[in-house]
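Sharing a structure here in structure tokens format.
Here the chain labels run A, B, C and D in written order, and each chain numbers its own residues starting at 1.
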Amino acid sequence: MTLTNEHQAEMAAQAQVHSATRRDTVEALEAMLYQPIMVLDHGFIRVIDYMGSDSAVVQAARVSYGRGTRKVNEDAGLINYLMRHRHTTPFEMCEIKFHVKLPIFVARQWIRHRTANVNEYSGRYSVMEHEFYLPEPAQLAVQSASNRQGRGQTLEADRAARVLGLLKSDAERAYAHYQEMLGEEGDEQGLARELARMNLTLNYYTQWYWKTDLHNLMHFLSLRADAHAQYEIRVYAEAMLNVLRAWAPLTHQAFMDYRMGAAQLSAKALAVVRAMIAGEAVSQEASGLSKREWSELMAVLQPAEA
Amino acid sequence: MTLTNEHQAEMAAQAQVHSATRRDTVEALEAMLYQPIMVLDHGFIRVIDYMGSDSAVVQAARVSYGRGTRKVNEDAGLINYLMRHRHTTPFEMCEIKFHVKLPIFVARQWIRHRTANVNEYSGRYSVMEHEFYLPEPAQLAVQSASNRQGRGQTLEADRAARVLGLLKSDAERAYAHYQEMLGEEGDEQGLARELARMNLTLNYYTQWYWKTDLHNLMHFLSLRADAHAQYEIRVYAEAMLNVLRAWAPLTHQAFMDYRMGAAQLSAKALAVVRAMIAGEAVSQEASGLSKREWSELMAVLQPAEA
Amino acid sequence: MTLTNEHQAEMAAQAQVHSATRRDTVEALEAMLYQPIMVLDHGFIRVIDYMGSDSAVVQAARVSYGRGTRKVNEDAGLINYLMRHRHTTPFEMCEIKFHVKLPIFVARQWIRHRTANVNEYSGRYSVMEHEFYLPEPAQLAVQSASNRQGRGQTLEADRAARVLGLLKSDAERAYAHYQEMLGEEGDEQGLARELARMNLTLNYYTQWYWKTDLHNLMHFLSLRADAHAQYEIRVYAEAMLNVLRAWAPLTHQAFMDYRMGAAQLSAKALAVVRAMIAGEAVSQEASGLSKREWSELMAVLQPAEA
Amino acid sequence: MTLTNEHQAEMAAQAQVHSATRRDTVEALEAMLYQPIMVLDHGFIRVIDYMGSDSAVVQAARVSYGRGTRKVNEDAGLINYLMRHRHTTPFEMCEIKFHVKLPIFVARQWIRHRTANVNEYSGRYSVMEHEFYLPEPAQLAVQSASNRQGRGQTLEADRAARVLGLLKSDAERAYAHYQEMLGEEGDEQGLARELARMNLTLNYYTQWYWKTDLHNLMHFLSLRADAHAQYEIRVYAEAMLNVLRAWAPLTHQAFMDYRMGAAQLSAKALAVVRAMIAGEAVSQEASGLSKREWSELMAVLQPAEA
């Protein structure tokens, strides 16, 4: 935990203030507000604010004068229906705002999700902090042989130690030179911050406020909590999945059933499935599926392991 | 006031529920929550939920660990600076959700603002209500001679009466036939709702949940609370301006100073202004401005009337 | 065909102009440019302009210095891969612009797709044309008993005739009164166009220029060419599917295989499929699926009819 | 110029292909297609494709069946009107696509413009190139004393040399270690590319395809070709301004008059201007303007220098 005492005091002070509100309120999420959930070695997410809940989804779907909710099982059924049929607009009626600290190379993937609001700490305006990401040895993996954008086995210990050493010493040197270029406070030949920052490496941490609606949050999670996502962004997405469960449990359950645990089967894959159910022989060659698609399909149809 | 007793009871029930929250809360807006503000003859806006406040703007601009606010005049100065330099992202950190009842022809203008979330009452799924907009006689104006998309003088009384008569009888007949096509409850030859609705006129009311962020709300207001906007949407925007003042008073003040009360002067217009300040003679012909631009500029430079 | 002679002459003149270009060009789409494809009784779509092709998708996916394309089967494989894994950004590199004439109630569904650019004919600025949609008798269907937002059987002939009579006479009367309110050219008591238009019924035609990228076009088509879409918008989507096939045949094929012909199976549905393949007994009650989900799943797993 | 011979050959080959088209075509832009315009030490922009022209703006504003254009001065008048009154949708009907090579720290500013389509070279999938940005000595400036996000005087020669030396040696070392971590082709202990890239510094070049519409291009240019923008992104914006002039000269002229050369005057600033024109004494203290606003206003009102 690398938050300064001052930061911790500020966050604790935020959490102390209680107000009365007539707004839709979620107790389980209130309990998480402002608290950092640590991710990677120095990163975190923390929920700063939210609007709405499962009830707001239901209320919007029914365009209601009142709260719109009925019995829990009717609300769950409606939410499942909306999720299944991709009626996305009621989910857009809820909003959540995070404060996130994350390595720059992760920020560069994250920012590609355009339907969100972002305020990032400015390296033009302020001095960047001296904090960078170093993977745990277990995360130092070789380039995957089969997947051009993935990882394979963990590095052997010697090689891992060498890599960590390089990452650490280059990041330290970059920061020392960053500081030298900026100069001491009051140095009249101190390089502009907007220039000096270019010397930092991509594993330096930045931070931002990030706000999005529930639909776009789930879209983000479906891509970034997925096994194909890079580990360093996936751990953020996994932390946010827990937030989602606290915030909107019915929506979370529907999301797990109809998105995260679901599979999209193509026209050709469906033909294979129908033949398998009919007990007919099937083969990759005859199916029209590529080898990769075939093996993906077989993985989906395999019984989950005990 | 045409809300049914049932609707009023539902809205009152919503307003009764109080919860404790650690979120940023605005007392003046809490007092308005759920209450309909009537607009036109049967329309309304009412605030259903909100996230953030002036403080959230400041907090995001400073990417703060705590509340981020300082003294009121420092916060006001920062908000003015952001508004003046069009640093829009901190304003995106606040969100508001309205329930709006409005004529369909107004909804068609409104929906052109794309950066918003919308759930509209569905005429495929439900029967449309029997409520349509009739202008007050003072609003029945002739086509403007000078502005192809505007109004001129009010109609003479006889003509106005004739127009109102036509609007009313056509809307009533359309609804009677809409009902006839749908048939009574249980009519096995009742036309599908998705088809029958095409017989309604564009002054029928619809309703929706509409949610947007503070930046996009101000963009909407700058266009729709403007004198060039059609009266029937402008009255909604004016009602929302009052909501903005209650919600985020520093932002509202900055918005009035730097947007609603401001003028954009082109390069040529600035040259005219500089010459006028220098006491030089200026003329439309020599200025390079069109006649229309010239008269717009002169209107801006005219002292406000006592 | 209700286009005036003047309109036809203008469209023909557009199609006559040939230029030399170094841009990516698609012959099959060039042949369709500017030609109206008639939809419903008076509507149409016509392609006004386009940017890119299958090659541009491939080029962007490879961030290439040149055209980026290789052999057709390699390009097809890449496009299939992108579609399957929802790598959507390369498809955003192509753009298409349509001129569309459509009933207002269809326009109100269409405009909900926000990631598009739109310029609509203005009823504030211009007089609306005297053209409205009347369904063919075969399209006049009763409200579905099982689906609250759908149609069932076709109306009986007498009832259909009555409905058509009402739709026609109300639309005619609305327009006659619209004209009366506007007054003759030069009438100094002519009602402002922005007001008079509210008397028109929702089946009146409007028109717009509509521009979107290939990814968002496919998103639109996946929702609007779907069997659940209202017939009156589906016919527009179907006409656009033909345009897509001419424009980007590899993308079109991938879209048909991986989207239009595909099915999303939930976690519970996959468990049922695995059990069926294993020859185990399955039942709706034990599956955790609702009755509706169960019947949707069974429909998907049923062999296509001969 | 650091493009490889292979890249140059590919770009030249692209430029050789000519096709016949019936689309709106702009000769001056055709001549620029595919050609790199060099920016900074190793960066470039080049136009890959475009859709529309000044004519398309006019055509969309008139929702025309034909080309929609009339006399040049009528078209210019319409375009000026649209620009002045912020009728932005007709400008959205034109689209342009660039291939851009730029330092990562510039890419991080650029990507904040969300209404655009982007495909970036992937450091997960491919090895990053060995090219980084080194400022020219004239661009190495001290931190501004008056503006927290700006530059002041140029560094003294010794200090500049020291800074350049640090930037160069750190970037070289980072790349050498990046390569070492990746290992030689076929190294079974080569670190995954998605990890190794984190060792690169923020001045390394990346590249992307970037596509946007004419309205959003101008929004980008109004912020990034502005004197407040960081030099390293401003030079890209300035190169794109030249492209805009070739592509849509009437729009470019209107943009220069009504945006780049214009000033937004607040309600209080307008009061000052009115008083100055009336020959009254004005002062910052009495005006209600802050010192900074006052000096900005005086700068705007100062006659341009001879």
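What to note about this one:
Everything that follows uses one rule, which is that a contact is a pair of C-beta atoms (placed from the backbone, for glycine too) under 8 Å apart; a residue touches a chain by one contact, two chains touch by 3 or more.
Values in this document were obtained by computation on a predicted structure and should not be read as measured data.
Shared contacts of chain C and chain D, meaning chains that touch the two of them, come down to A, B. Of the chain pairs listed in A-D, B-C or A-B, the one whose interface repeats that of C-D (more than half of its contact pairs identical by residue number) is A-B.
The distance from the centre of chain B to the centre of chain C, each centre being the mean of the chain's C-alpha atoms, comes to 30 Å. Chain centres here are Cα averages; for chain A and chain C they lie 33 Å apart. For the pair chain A and chain B, the distance between C-alpha centroids works out to 35 Å.
Residues of chain A in contact with two or more other chains: 89, 112, 118, 122.
Chain B makes touch with chain D in their complex at residues 77, 80, 84-86, 89, 112, 223, 228, 256-258, 261-270, 273-274, 276-279, 290, 293, 300-303. Considering their complex, residues 103-105, 107-108, 111-112, 114-115, 118, 122-125, 133, 135, 139-144, 148-152, 155-156, 159, 163, 166-167, 170-171, 173-174, 177, 180-182, 188-195, 197-203, 230 of chain B touch chain C. Listed in rising order, the residues of chain A touching chain B in the complex are 6-7, 10-11, 13-15, 17-25, 30, 33-34, 48-52, 56, 59-61, 63-67, 89-90, 92-93, 95, 97, 99, 117-122, 207-209, 211, 213.
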